[in-house]
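The structure under discussion appears below in the form of structure tokens.
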Amino acid sequence: MSRNLKPKPPGQPRHRRASRRWSMLKKPIYLYLTAAILLVWSSAAVAQEAPASVFSGEAKVVADTIWVLFAASLVFFMNAGFAMLETGLCRSKNAVNLLAKNLIVFGLVSLAYWAVGFGIMFGDGNEFMGTTGFFLGGNDNSPAIGEAYDGVFSALNWAGIPLNAKFFYQLMFAGTAATIVSGAIAERARFVGFFIFSILLTSICYPMVGHWVWGGGFLQKMGFYDFAGSTVVHMVGGWAALVGAALIGPRTARYFEGKSYPIPGHNLSIATLGGLILWLGWFGFNGGSTMAADPAAISHIIVITNLAGAAGGVAGTITAWIYFGKPDLTMTINGMLIGLVSITAGCAFVTSGSAVLIGFVGGIVVVFAVDVFDNFKIDDPVGALSVHMVGGFWGTLAVGLFSVGPEKFSWYTADSGPAMGLLSGGSFSQVGIQLLGLAIVSGFTVAFSYIVWTALKYLSGIRVTLEDEKLGLDLSEHAMEAYPGFLGDEHL
Amino acid sequence: MSRNLKPKPPGQPRHRRASRRWSMLKKPIYLYLTAAILLVWSSAAVAQEAPASVFSGEAKVVADTIWVLFAASLVFFMNAGFAMLETGLCRSKNAVNLLAKNLIVFGLVSLAYWAVGFGIMFGDGNEFMGTTGFFLGGNDNSPAIGEAYDGVFSALNWAGIPLNAKFFYQLMFAGTAATIVSGAIAERARFVGFFIFSILLTSICYPMVGHWVWGGGFLQKMGFYDFAGSTVVHMVGGWAALVGAALIGPRTARYFEGKSYPIPGHNLSIATLGGLILWLGWFGFNGGSTMAADPAAISHIIVITNLAGAAGGVAGTITAWIYFGKPDLTMTINGMLIGLVSITAGCAFVTSGSAVLIGFVGGIVVVFAVDVFDNFKIDDPVGALSVHMVGGFWGTLAVGLFSVGPEKFSWYTADSGPAMGLLSGGSFSQVGIQLLGLAIVSGFTVAFSYIVWTALKYLSGIRVTLEDEKLGLDLSEHAMEAYPGFLGDEHL
Amino acid sequence: MSRNLKPKPPGQPRHRRASRRWSMLKKPIYLYLTAAILLVWSSAAVAQEAPASVFSGEAKVVADTIWVLFAASLVFFMNAGFAMLETGLCRSKNAVNLLAKNLIVFGLVSLAYWAVGFGIMFGDGNEFMGTTGFFLGGNDNSPAIGEAYDGVFSALNWAGIPLNAKFFYQLMFAGTAATIVSGAIAERARFVGFFIFSILLTSICYPMVGHWVWGGGFLQKMGFYDFAGSTVVHMVGGWAALVGAALIGPRTARYFEGKSYPIPGHNLSIATLGGLILWLGWFGFNGGSTMAADPAAISHIIVITNLAGAAGGVAGTITAWIYFGKPDLTMTINGMLIGLVSITAGCAFVTSGSAVLIGFVGGIVVVFAVDVFDNFKIDDPVGALSVHMVGGFWGTLAVGLFSVGPEKFSWYTADSGPAMGLLSGGSFSQVGIQLLGLAIVSGFTVAFSYIVWTALKYLSGIRVTLEDEKLGLDLSEHAMEAYPGFLGDEHL
């Protein structure tokens, strides 16, 4: 992501200085001796300064690749986090269904994003979509081609790691977008509908939005900034989930005579485990989005990410404590998660103080967001919308509010980051751009999701029958139970 | 592993070019000025090109060590994956037993492989076994000794990382081989038998096979290739498990009057978690087997590994959907796992398209493999044989079928990889070698396991009594329950 | 940690040689040609020798940062390990409470350690505490300032990674110290008391002790060594927990008429998972404490750590097998954990044989330690005191017994490690220093904890009512259950 975070060609400054120094020497013959003298110094200089400049070329590719593969592994692990969180927050009679969805979705996305999605998102093409690079068939434009980069084509050539590493990292993000959906439509959606929707979302919708923001598309050109995906991943996943949840309708008996009846999840132990795995995964989600092991950048981003998650968790806990009278564990989890979602867009551009504030506001908002969705009878069993959509919106907006402005951090230049945020002393302009980008992405995702979910409704069906819902999706959709004989065993 | 993937001395080509350029200058005095001029250019060139050649020596050792320790940590985590998978797929009355076996086994293997196994596997010796290097007492042949390497002795000196890092990584593989066994003999084997068998397997049998294939032994010399252990780890673990399962006999009432009565596992939430942890761990299992942070190689391998796992999971799901009428979660898990096992031998040698095919075939086969074992009344509660043995066989064979042939990938030369595979346009020869290697390893492992399990049968007993089996191994073997008072607590 | 493990300025020797070589050339004009000749050689030499010396400057910072962030991520994950371990070892009616405590504590510690703790621990100040660097406001003293280091000020300037990375890694340790407390006071402590205690512990007590030992304080100057925190983390957490457990009192009906009635945990599946996650996390806990990717050091430390954990697990299993007649799973877990705690102080200073011995002794002791605490009616539901306090004591003492002495390992000099241990042929002196340090840290932590817990007793209350304890803390403190409708669902 943040394909704008174009690292300066490493060592260039010093090299340029060096070559300027030399170019004056190439002309007159009588300067040869002078050249020799200077060489003595400069060679010594090379030897002594070498450490400062050698971190480029192969060594940099190696370090960047290690970092990105490590980060990708953390993001991959988020699949386990979502699986545990969503399963734990739903009823045991639907546990197998949630586990199956969260497991198969990454298999499907891996194949779909390999075949189609990655090419649309980062392949050469136009401002709306890439049209090359399917089946990992594109040229490996690593290491960076440098000056050939023009912001539209060869979207990822600013990163020097192998194409396979770029794909692997980006794949994890596609997987995250898809897995957000499974939670919001849980406990009443048909397995086959989710199965097909996931393929289409990550083949078409998600990569197109990704192309606009990270692949050299029109939003990127417009100056819209979303460092690690508050919009690209969380808004897209969130809107796709919301449209699905709205079209599929709430769980039976969830709303009755104008009142809302929450249904508690069956296993908060694994839900909390899932939350902690997601927190861990976020270090890779944000920290790896540099696609390079820039020590200052990745250290900053990871600290910022953690502070926002921490502040969100504390804020969610305290808000629920005051509001409900008790520190509600699910609000600690949701607060922490919305803190992480909220900082995702701006983690490379804000200070640690702003991160705490962003996370804290998110943690307060999430407690009330659930009620808002409830008022519209949008039934979201695991709080995915409150966390990902609300957090995605707030995080994207926060870029326009809190960004410190270029040149404050070594990795953040006018070319690679947003204008100074409104609350940091900047103007409204970045806020406007962020809101415009949010509106465009939201409109497109809603339209896409509406069409696909509606088509699926008539083709395969998207909701189980009332009998099946009563019985539980585990038996009706999978003919299995999650915990047979848990408390003693009738077998043998 | 893949101790053949001998990296070329890094940077050498360019250095040689450089010294050739210079050597012509050393002779005539009147060339000094020319030298000076050239130096101007070349020094600038050194400054600018330096990055391309500096990645060797200490920097490379550091990067390789970080990569290998990261990969080893992922593989270590597979212990948790196996523990959750196996426990979840068995009954709650045997959960403590499975947890205890999966936890203690890594402790035992750590000590046994440190004391004996590592020396037999990679120590200097002959073509059948290493005879030195016990208790990590060998010379640290890092960084690579280079030319001194002769394919028999100092098996791991092609890798430049410290001996401790080599040991740590290899230890994780030994642990995996041992832990495969615990699943297949679950719910009726005695704890003490598994305890002793694990020590012997990882002290003797596994390291000997490892020596043959990776330690400079006769299979390695023969041209048998198993990049990350489809044979060495999964076939060995699988055969050891099969012999154990056969000798211990099926669980009571599992087969009755010619029919098979499957016994469902008690906790699919943790089983799915285990499956996802294993998927994650496999990135280290295959990606770390380079024992070096070669960016192109590790990126390729990780992508290939993931695609095969994804294809296997999708194939398993669809096959079960068609075959059983429902998408069976355990078949999604098993399909994904066999995809990963199948790609383990060839992940450095095949294309992404082949990886998808290999994984997909694995995912189909695994659904039917269970029935095959059932026909022989080999009772395998967690599907370990279908996944590891069948997958190990298919993966090892696939090397002979799909390998692209040398020089297609930068890390894959005629010295470091198999001949072109049959389906890539090659001959039958590599297929033949792969089958021969499989036969030899299988024969040895079966013989070893038969002797040890039979000896244990008379010495310590390998099967609990019928009463204990009914009661559950948790109470009979450990005097504990896994979930006392789970649904409310009578204490206090 | 181990802020004494000051790496030699990398590459310096060769550079100094190089400049000496050149300095003789700068004077006489007639040496220009000679200079040119030499340049030919030396430039070639630069090209060829470069690899050996370039691992410094930026490349080293990058590698060190990757390593430390990786290690920090592993330690972060220990939060999930503690959450699962503690929750699994307690009753289901208190599961939400334990999950909530283990989740919120890291949020609180993140904010508290960012605002105050890190400054007190590593900020410039005096020998008792740092007085600068709050809110990450200190100067980034990376890369290392070298000679300016004086052992008191700028405590972490021996490490070259960015300040944010240093903070992130150290934060994880603060989190660990706090989370140890939650287990020992489980099932009867009020949530609000733990909430406040955690903030104070990681704002004041833990950072002060950390300053003494790692931040340039008086214990560090005295020659007290605790490489990765047997004392700083585990003794501090352990004593804070013990004082809390003692003041809060045992769970009702835990001790009755002079006898002890153990209360089994409700979920050994997640407890074992937690144990395995902790084992994994320890590779980062000890391996990252170098704060640098020194290949030899980190490989050694990780192997040593694993061997001690393995030996502890095996010893705990065997001891319980002999003592109780059955291999007790919780003793396997506790044995493994005390092995890891015990090796934490000395992992950089001892041999693998000593590591096995240290872990093995720990694993035996832990089985009996529980009884000792029982005799004093200190009720510790998860064995936190037996593991962390006993292990922390033994590990700190073991430094004085088993350290090999300076110059045996490349990273262990007289400046950066303890004197040779008593059993390695050294004198009593290091043992004495270790015991003195233990006494001082223990005294301070006990005093601090006593004051804070006592104050909380009167301000907020630290123990729930008997009715609430009977009902379970989940309902009384959080108005939630962990597993509602687990075995079938009355909803709908």
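In this document, chain identifiers A, B and C correspond to the written order of the chains, with residue numbering beginning at 1 in each.
Convention: contacts are C-beta pairs under 8 Å (C-beta built on N, C-alpha and C of every residue); 3 or more make two chains touch, one makes a residue touch a chain.
Chain labels with UniProt names: A, B, C = Ammonium transporter.
Worth saying up front: this structure is predicted, and the values here are computed from it rather than measured.
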{"item": "Self-contact between copies chain A (Ammonium transporter) and chain C (Ammonium transporter), residue sets same or different by half", "value": "different"}
{"item": "For chain A (Ammonium transporter) placed onto chain B (Ammonium transporter), the superposition rotation in degrees, Cα atoms, nearest 5", "value": "120"}
{"item": "Intercentroid distance (Cα basis), chain C (Ammonium transporter) paired with chain A (Ammonium transporter), Å", "value": "31"}
{"item": "For chain B (Ammonium transporter), residues contacting two or more additional chains", "value": "10, 33, 36, 39, 43, 46, 50, 53-55, 59-60, 63, 66, 70, 267, 270, 273, 483, 486-487"}
{"item": "Interface residues, chain B (Ammonium transporter) side, partner chain C (Ammonium transporter) - complex", "value": "10-11, 15, 18-19, 22, 25-26, 32-33, 35-36, 39, 42-43, 46, 50, 53-66, 69-70, 72-73, 76-77, 79-80, 83-84, 87-88, 95-96, 99-100, 102-104, 106-111, 114, 135-136, 161-165, 167-168, 171, 191, 267, 270, 273, 477-489, 491-492"}
{"item": "List of chain B (Ammonium transporter) residues in touch with chain A (Ammonium transporter) within their complex", "value": "10, 33, 36-37, 39-40, 43-44, 46-48, 50-55, 59-60, 63, 66-67, 70, 74, 91-93, 251-253, 263-270, 272-273, 275-277, 279-280, 283-284, 287, 293, 295-296, 298-300, 302-303, 306-307, 309-314, 317, 324-330, 332-333, 336, 352-353, 356, 469-470, 472, 483, 486-487"}
